[in-house]
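Next come two complexes, and both contain chain A; in the first it sits with chain B, in the second with chain C.
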Partner chain A sequence: MRQRNVDADSVGFLAAPAVSYMLLAFAAPMAWLCASSLLVNGEFGLANYRQYLGDPYYLGVIRNSLLIGISTTLITLLLAYPAAFAMAKCPVWAQSLILALVFVPLTVGVIVKTFGWTIVLRSNGVVNVVLLNLGLIDSPLRLLFTPTALIAGMSNVFLPYMLLPIYSVVRMIDRRYLDAAASLGAGPVYRFFHVLVPLSLPGVIAGVSLVFSLSIAAYVTPLMLVGDRFGTMSVTIARGFLYVGNPALGATMAVILLIITATIVMLSGRVARGRARS
Partner chain B sequence: MQLRHLGSGTLLFVLALVLVFLLLPIAIVVAVSFTPSAIFDLPTGGLSLRWYAKLWEMEDFWKSFGISFYVAGISTAISIVLGISCSIAVVRGRFFGRNAIATFLISPLMLPGLVFGIALLQGLRAIGIGNALVSLMIAHVVITLPFVARSVMASLSLFDFTLIHAARTLGLSPARAIWRVMIPNIAPGVLTGALFAFIASFDNYAISLFLTDVHTKTLPIQMLSYLEEAPDPSVAAISTVLIVMTIAMLIICDRLVGLGRIANV
Partner chain C sequence: MTMTNKRRDLLVGAAASAAVLACPGVLRAETRELVVSGPAQLSKLFRQVFFSRFEQATNVKILFDEGVSLSHLEKLRANRNRPISSIVMIDDPVMVTANNEGLITPITPAAVPNLSRILPSAIHKDGAWINYMFPVATIAYNTNLLPGGVAAWADAWQPKFKGQVIVPTLQLTQGVLTLIVAAHLETGLPFEQALQNIDAGFTRLKVLKPNVLAFMANTSQAWNLLEQGEGSMMLSVSSQPVAARRKQGVPINTATPREGMFAMPNAIALVKNGPQPELAAQFINALCSDEYQSLIAGNLNSNPVNLHATVPAGFERANNLHVPDWEYITAHRAAWADRWAREIAG
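Our next item is the complex of A and B:
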């Protein structure tokens, strides 16, 4: 008699509810959006893409998004990489404490954090008051609604997504590799580039792909820190649907953003798998 | 040796800088919520609770808080059921395409939320679903499911399914074997996934933006319209309430699971 159990062969049907839900509520609308960007006056074709990718304004919008993504990724990497090593060197109790301090900004909402930044960067905000009191500037700097404000705010919002993956890899690095390299005569610089960097690379790849794909798609932070006059892809997509009444523009921009993000995610996955194999 | 100390010192300095940078906007928001003045000033001439007192009178704030709580709670609950069931199939099953299903379930996490928001808006309009609450619920299950599925799949892959056979041999029914043996084992994973799912739903702006209407606003949408229409420090008070709420959830999660474990998920 066959025993009714959590048998390996009989559990496949349990995937059906979640998979069919995601097909209907997620995959179908996304596929339809992609199709609608190809449809112009009842005909399928690349006319929308030719129109918007041929327009210098929209090329500028795509360039803005990519530039913000690249700067945010570089700044968070520069801050997170040394910080992750410092964290891994701390005693265990201190590591838990720091982890808790990183989890608070990670879980607090994006709107709350960005709202905090608008106060910090106001003309009579913390940054200006400190600079004025130090005598470094004579009159308040205009910080809010500038690309600098945006990049500062974005780096703040996405920093935990860079720090945590790098930290989780760095803390597993066996110190004996370093000692072995040192005993073979490798100097500190050589040890860093030939031992630590390769060993920490999986965390860096994960962090970079996460932060870059999150920051080119960000909407709330750009909206609150520079306003919707600074054209990014997300702002263009939202405006196309909500205000301008141009769904073709919104859909086309959305598909371009989707393609960029999906490419990054797949590339980083491939690089990570390739490294794991070698 | 000296060089090494110098190196460690620099690293620790960067770490301290990073922590201050991360916590600065949150600390500022909390400080401003206690200001006695009507603009976003740091409290200089004493503390005041006037903005918290004002919260009691803001009916649309409480309404949107309720809507967000309801949508996040129900969608997380649905995701827990769908997520556990699907994870068992993916981890335990022996059928073709299990990895593809796992990737598919987690994919909304990696793709821009805004794009899914407009895609769903188009789709719902086409089939004639105009009810904001229903639309939000449909969307937020898609937002929450990846968090639950990812974390439950990770826990289940560490679970030894022969324990269920053992429980069955000892006379437990299949349902009771799962409930008494498997569920307690994967509970930390479920809890962690559910926590992040709830927060992601509660905090969502980019997807909800397209699905709310004038009467059905989630809290993030309501907060942004306060900031656009009548910015005063009551928004800082709302933010502080949310910060305290998240910290309380983190502490509960830490007591039950441990933060170190959450970091790995």
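Our next item is the complex of A and C:
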């Protein structure tokens, strides 16, 4: 017993540098942020939360952020899920090639990528030119500075974060499970929903948590693709801290954003554990 | 300016700041370096036009710490007890805050004799800070789309410009100018009194919404939209970069709207307790001199604040630029920003 304690202590000691770094660089600022969202005129309370959550404008801002987060997550999931299976089935050389193609866009800065979208979506951009030449529209559509443009751009920016976790799980799935299911009379649809989907779920959950938390907190892409027209939580946080000198607004919004993201990530974790157990 | 250049300049700036931080004070005194904090987008022009000239004349090395006004303000606050910069060049509304917080120290006629040669409207709070140039804030337009130009601010409200007008957001310093113009159009009062009736500005700006292509927080992106013809005009912008872009063949120009134009607030101040105060005053004195001020129109496409300065042939000196009451604006900005987000942007 005594011996085991000593072991545990020495292992704990190894984590000390990381723990102290995280305490200093993450936990302390986070505690300060939470405290400043609770502090009103020198007293602690929920007044800030009551004020902002009772204001239809800020509820709209939270709704906008949730809308972006959920739409981006769903679109990237729909695109990445079949793609991950296709990738996993490719010969090894093709897998490496596709992986490289997925990684290369990640090395391009988000500003450059978003700026590219502003060119594509212009009235004389590729999308409008193609639609005009196909005779599908008579005059250029207004695409830039609309929520649709934002969701299209965000899905592009965050697609690799959905694809990679799903692919890494899918490629490890043992094909013999499918053969076994088939030998027991399961049809392709049944095999997909009852064998493949549950086995790929850990990857889906990792991808969903990543994309949702990144997209709900995105700042640059919304700013460049819709500007002020579509207020999001991250833009509101920046406004509070940087432009109007209202740290209470910034801190309160930041904590609300954190709670939403943490809830989604923890729920995903719970679903994953539940599935693993069953 | 290309992205790579910007990044390189930024790296040089950062390395320079780091070097100054790392060096002991004695070493800094020996090499006679002057740290100036100022706007990143003007870094190259400042070096070409002013810094190289001053360095040659005085054997001083100027280290330019690049950034935006608000980041410089944060640095001034953080380094309050041991400032790194001697001089700070930021927008007037941010100067108001810096002055209220005691981060800058007055420029006196004793230390800067050329103060007597610049416009009284360029000297603020008894010399707490001064404007070193007045770029014009006006309307810029795409010459392919609007070959006839724009005659008035009121034109932006015409239905034919639906979805074509680019408007800077209130987060940007110049964003407030659109509100002042709107208040002027709604009330008929001069700009100065229109500012006191900003409600009217919100009312008139709401009517503009169908014509607005976007409310922009990023000026580079906004210029790009105008140059590419996605928008036909941009309100409340500094004319400063326009001349250089026109020379490169870009189809843009600035208007001279009949209601009047504004002075963009490019200000300079001495950092309180900053290093080398005499050298810093010497630089500001040089910047106010007839010689340096005569370089402003040709190189920076802006009005000199020194009326004795010459301007090249063909440069139209804009007299009677309106200088808004930035102190009043700074005091009300947070409340206006909140209204803007609710009533205008959404």
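Quick note on the criterion: the second predicted complex is superposed on the first by the 249 of 278 C-alpha atoms of A that agree within 3 Å, B and C clash if a C-alpha of one lies under 4 Å from a C-alpha of the other, contacts with A are read in each partner's own complex, and residues count from 1 in each chain.
The rule we apply is simple: a residue touches a chain if its C-beta (ideal position, glycine included) is under 8 Å from a C-beta of that chain, and two chains touch if they have at least 3 such contacts.
Because the structure is predicted, anything quoted here is derived from the model rather than measured.
Overlaying the two complexes via chain A brings chain B and chain C into a clash.
Using the contact criterion defined above for the overlaid structures, shared-chain residue A:F145 touches chain C, although it does not reach chain B. In the superposition on chain A, A:F115 contacts both chain B and chain C.
Comparing chain B with chain C, more residues of chain A are touched by B. In the superposition on chain A, A:M224 makes contact with both chain B and chain C. When the shared chain is aligned, no partner comes close enough to touch A:M172: not chain B, not chain C. Of the two partner chains placed around the shared chain by superposition, chain B is the only one that A:V102 touches, whereas chain C remains out of contact. By the document's definition of touching, of the two partners only chain C reaches A:Y57; chain B does not. Touch criterion met: A:Y243 reaches chain C, while chain B stays clear of it. In the superposition on chain A, A:S123 makes contact with chain C only, while chain B stays out of contact range. None of the stretches 62-70, 116-124, 134-142 or 152-160 of chain B clash with chain C in the superposition except 62-70. The residues of chain A shared by its contacts with chain B and with chain C are 115, 118, 122, 124, 223-224, 242. Taken in their complex, chain B has these residues touching chain A: 3-4, 7-8, 10-12, 14-15, 17-19, 21-29, 32, 40-42, 82-83, 85-86, 88-90, 92-95, 101, 104-105, 107-108, 110-116, 118-124, 126, 138-139, 141-142, 145, 149, 161, 164-165, 168, 174, 177-178, 182, 196, 199, 202-203, 205-206, 209-210, 220, 223-224, 227, 235-236, 239, 242-243, 246-247, 249-250, 254, 259-260, 262-264.
Touching chain C in their complex are the following residues of chain A: 57, 60, 115, 118, 122-124, 142, 144-145, 223-224, 226-229, 231, 236, 239, 242-246. On chain A, the positions that touch chain B within their shared complex are 3-6, 8-9, 11-15, 17-19, 21-22, 25-30, 32-33, 36, 79-80, 82-83, 85-87, 89, 96, 98-105, 107-120, 122, 124-126, 156, 159-160, 163-164, 167-168, 188, 213, 217, 219-220, 223-224, 234, 237-238, 241-242, 247, 250-251, 254-255, 257-258, 261-262, 265. Of all residues in chain C, only 70, 163, 169, 171, 213-218, 221, 224-225, 228-230, 333-334, 337-338, 340-342, 344-346 touch chain A in the complex they form.
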